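Labels run A, B, C and D following the written order; every chain starts at residue 1.
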């Protein structure tokens, strides 16, 4: 049994991680920390976990995290970078669900996240945990940077296309739509039901923190070539789900459907839908799946890729568990082989 | 492995049954029938089942249902009563998720359902599948009448109270609210998104088919005494979930919290919440749980019980699988021990 | 033109009041105060008011409220009671959309609202602004207590029944459901989209502040007799709307449909639906209407009344404008004669 | 008073038209036809119109449409083209809210709509009713083709940019999101609450009927140059609203904010938001407004335009009334000068 600690279990990625870990047959959940809620039974905050998670929140000091095999950080940005070094030194592997270790260029990270990075040396060794791209490196990672939700949907959607070298890299467009849980479990007016329900809007058009992360990933797929990306996130009135609609211009002919099917053959969590499909976010609700369909409207030179995930699972907690499975040599699907909840 | 057939798998209870059965470790899914969709892969209709259910819909004739150990009817009312006898004669056990075998009084059934009953003799032997009340009889049932969604939430909520004999039976009130999936996957204007979203209404105040079913059940708990019940169902803009708010007048003092906790001690799927709780429907979403809280506002003589279920799970498919587990001597929680999806 | 000031225009009742007042042909909007947002154009906070409301928020000191004919308080509880006396002394009429002047029993008010009342003498003279009950007194009111949202729906629904003297007063039940805007525009976790969407729950079963207000109103209709009421509010995933389902026991025969139609004949904002109807909250969305249907299931002795309003209009801002119209001798429907927005 | 008839008032554009016409001070509503519902009071189908619309549905024969000044067709495609000629011959002006007269190229129309056009000569004289482009021609139109919902949002969003000549015309992208009411009030499984709620999907990526309409309009703005457009519509879980996110590549420098503000100066129903804005669909809910914001992310050469409308108002019924006002020399805002309903 893998001994697991969770730092910061009071947000949506936290409770989702607990949902998955509480049923995982290879895991022993040891501690969940929360400074603010120490002493409170986890299930009092999240009644959906009654009878499943018997632990109480504890302070970080009382958590005994250094005796764990792996510690997940489901914390705001800027926490893991301060605490990871000590854990790594103690032989504990770290999976950060926030953004602290995602961007390799420290200056770029500091510009977008507005703080000084506390552990640049860990960024250098950290592995970006997109298994469909980096599976080999993930196996031995001591510090794993779990990808963002938008970056997961966008990168998986573009992956075969960019690797193929058959699209113009300078003018990619990612028009992405997210459910409101992506905003987290923070008391903010903009995420109130009466603000977000029955309405739709774009946000962060001028620049969103996931832009440099996606750009770095796409550039990696293109052997380091610079990638020009316009990324527009939107808020849609649903709880979970991301739908990325991706646009790229073809520079030569190729069989798109085969390209996608072959690239993802053998991937347990990427489902290339039949030609002509329109995947719905609900078709992956609660599951670790990414479903993708590729279109070429009117046979023109613009490719349209539709990519959907559950932002809290494949876009956060599920992918984190998938990475843990890889890191510890378990079956990659163990504990996260969930049928989507639909309707 | 239990050989299972499903008749009528194209509605919401059907797809939910397939979600549960496809992960059930004791089940081999043999056939899913649909006259209208014969030949179509099930996963083409329900993309959430891609890679999980490889079967195609077949006609009833081609289904080989008589070689199954158990056949679930996820059909409209009036179908199972015509086909069950032949299956039972062939040694197949039948679980009907519709209403054909729920009401013991044939005349009453015919009045509410507007048709002549085709198999009164099976009604006589059928067992009403509310495990928390009838577990012993369920074990040996050949024909199992799976309870309706409202009746499950309302009966479980009233159960300890009525068994206690401490409430006035003549004027019970059940004010119940259901998500829209309770209306089924039928193309009807009233269930359109633009009709049902961002609105709330009562319906069927004059009389709803679940009224006689609930009345029969409550009367059974009261050793056959007649029960006066006002039942008002409402439609609420959510997909899944039933919230029943129950009102009864106390006739003597008793410790309500203990009464409920003791009655449901040992029940895997009924969770009595701490005093003062307000269970949310999302706290059982996707799970087979019923969560209950009991209140006595201002210490008066009116008891208020709050009872929530997922109408498609404990109110339909999940309870059907629970009954199957009991009928075949399996662990009652096998395959349906699911953590609710929240948020 | 009536010179109007609004204190506290940053919540949902505030913006709704501005929507209505900005189109009201008899009103000149003079000032909107907000300490926190002074200097900000109102339409920057509420883009729906762009081109309609040109004012900026001002501090109370700069608002010149004493030169207004009427001042609306769309503030949290406890504000109006401190500021009303000075305005009244200056000849300004005050309409409070909060609860400061609703409960005549000061001790009762202080118990439920947890503060010491700052102006008991104004409570004594304040008029409770339910026009269908108190129209005559409203005309001359200097301080008007605008009713709460639940109290409006529940009182209008019970009104004819209680006035008729034909129901048992000791065991009334009001099972009420509200959209989330009733919780206000406050950053609180419980009102987040991801908490409130796709779920349903009761709250405040042990005791809600609207209980004493409703009890006082019902008692008034019953010539001062004590009324026993069980009031259970629920949160339903929609933005606007209240649906009250009311239960009472008949003590003698009477023609319920006629009773309701006659009592509300001539009322512009109460619509008694035909027998057998089920009013939807969306049928009053954005309007000042209350629609009511009355049922007697199975001809028994339990009456069920269905009463729907838009909580922000008839339940708050619209009723406040209706009261202003009455107070200033205008046509009662002026400026609020709006067709509901449906779908 | 303008004498008005409505053909086909049982869908969402029909009821919305009735909402607007019933309050329009210059209109006398004479007849609403429906073959299927003849004899039924309109307000029985649409309770939101109780006390506002006293008419019953009549058959077309009994409607006396030829005595009207103007007849609106709120019918499925293919109806108006069969009935308009006779009305026009009788001196009645026709406003078609469906697509019969929108596409000037008959062969193109027949390809996308799958029927033979019954009145090509009326197509030749019909005026496309986008007032911000064609106001002069609308004044004298006998047959007015009211634009589609997506085409309104997309064309208004692209208008200044394309007229400026400063963008590459060959690779425009319109990523558009619609509320579910755009699918109409038809009983179809895909538009059920339980299918469309809490989910997001693209549809018609291979080709949508609004594509040729938009392409024709954009080409007109570009003095007839061919325009390459990728149009991807999506379904989002809200009732009303369209959000179009538009992408174009700049070919020279220009001040985008001024370009937009100047182009729409004086337009009552187009609101150019301040630089950096993100208009929400709810900020136009129930109103005839189009709100637009223009962005240039990271100062690159890709322009992003955000354009929102209420699909049932500016995208259908409201624009139809705006066109009627222009055709009959009324104030363009008469009867449709509505403040959006928010929240």
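The rule is short, and it goes like this: a residue touches a chain if its C-beta (ideal position, glycine included) is under 8 Å from a C-beta of that chain, and two chains touch if they have at least 3 such contacts.
In this text the structure is predicted, and so the values were computed from the model without any measurement.
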Fill in: chain C reached from chain B - shortest hop count over touching chains
1
Worksheet item: For chain B, which other chain has the most distant CA centre?
Response: D
Worksheet item: For chain C and chain D, what's the span in angstrom between their mean Cα positions?
Response: 36
Practice prompt. Report, in whole Å, the distance between the mean C-alpha point of chain A and the mean C-alpha point of chain C.
Written response: 45
Worksheet item: When you check chain B against every other chain, which residues touch at least two of them?
Response: 12, 179, 181, 185, 194-195, 197-198, 237-240, 279-280, 282, 285, 343
Worksheet item: Considering the complex alone, what residue numbers of chain B touch chain D?
Response: 12, 179-181, 183, 185-189, 191-198, 237-239
Worksheet item: In their complex, what parts of chain B are in touch with chain A?
Response: 12, 15, 19, 22-23, 46-52, 181, 185, 197-198, 239-240, 271, 273, 277, 279-280, 282-286, 291, 339-343
Discussion item. For a test of understanding, state which residues of chain D touch chain A in their complex under the given definition.
Written reply: 171, 173, 175, 177, 179, 194-195, 197-203, 205-207, 228, 230-232, 234, 236-241, 243, 245, 247, 249, 276, 278-282, 285, 295, 297-298, 300, 302, 304, 306, 308, 343
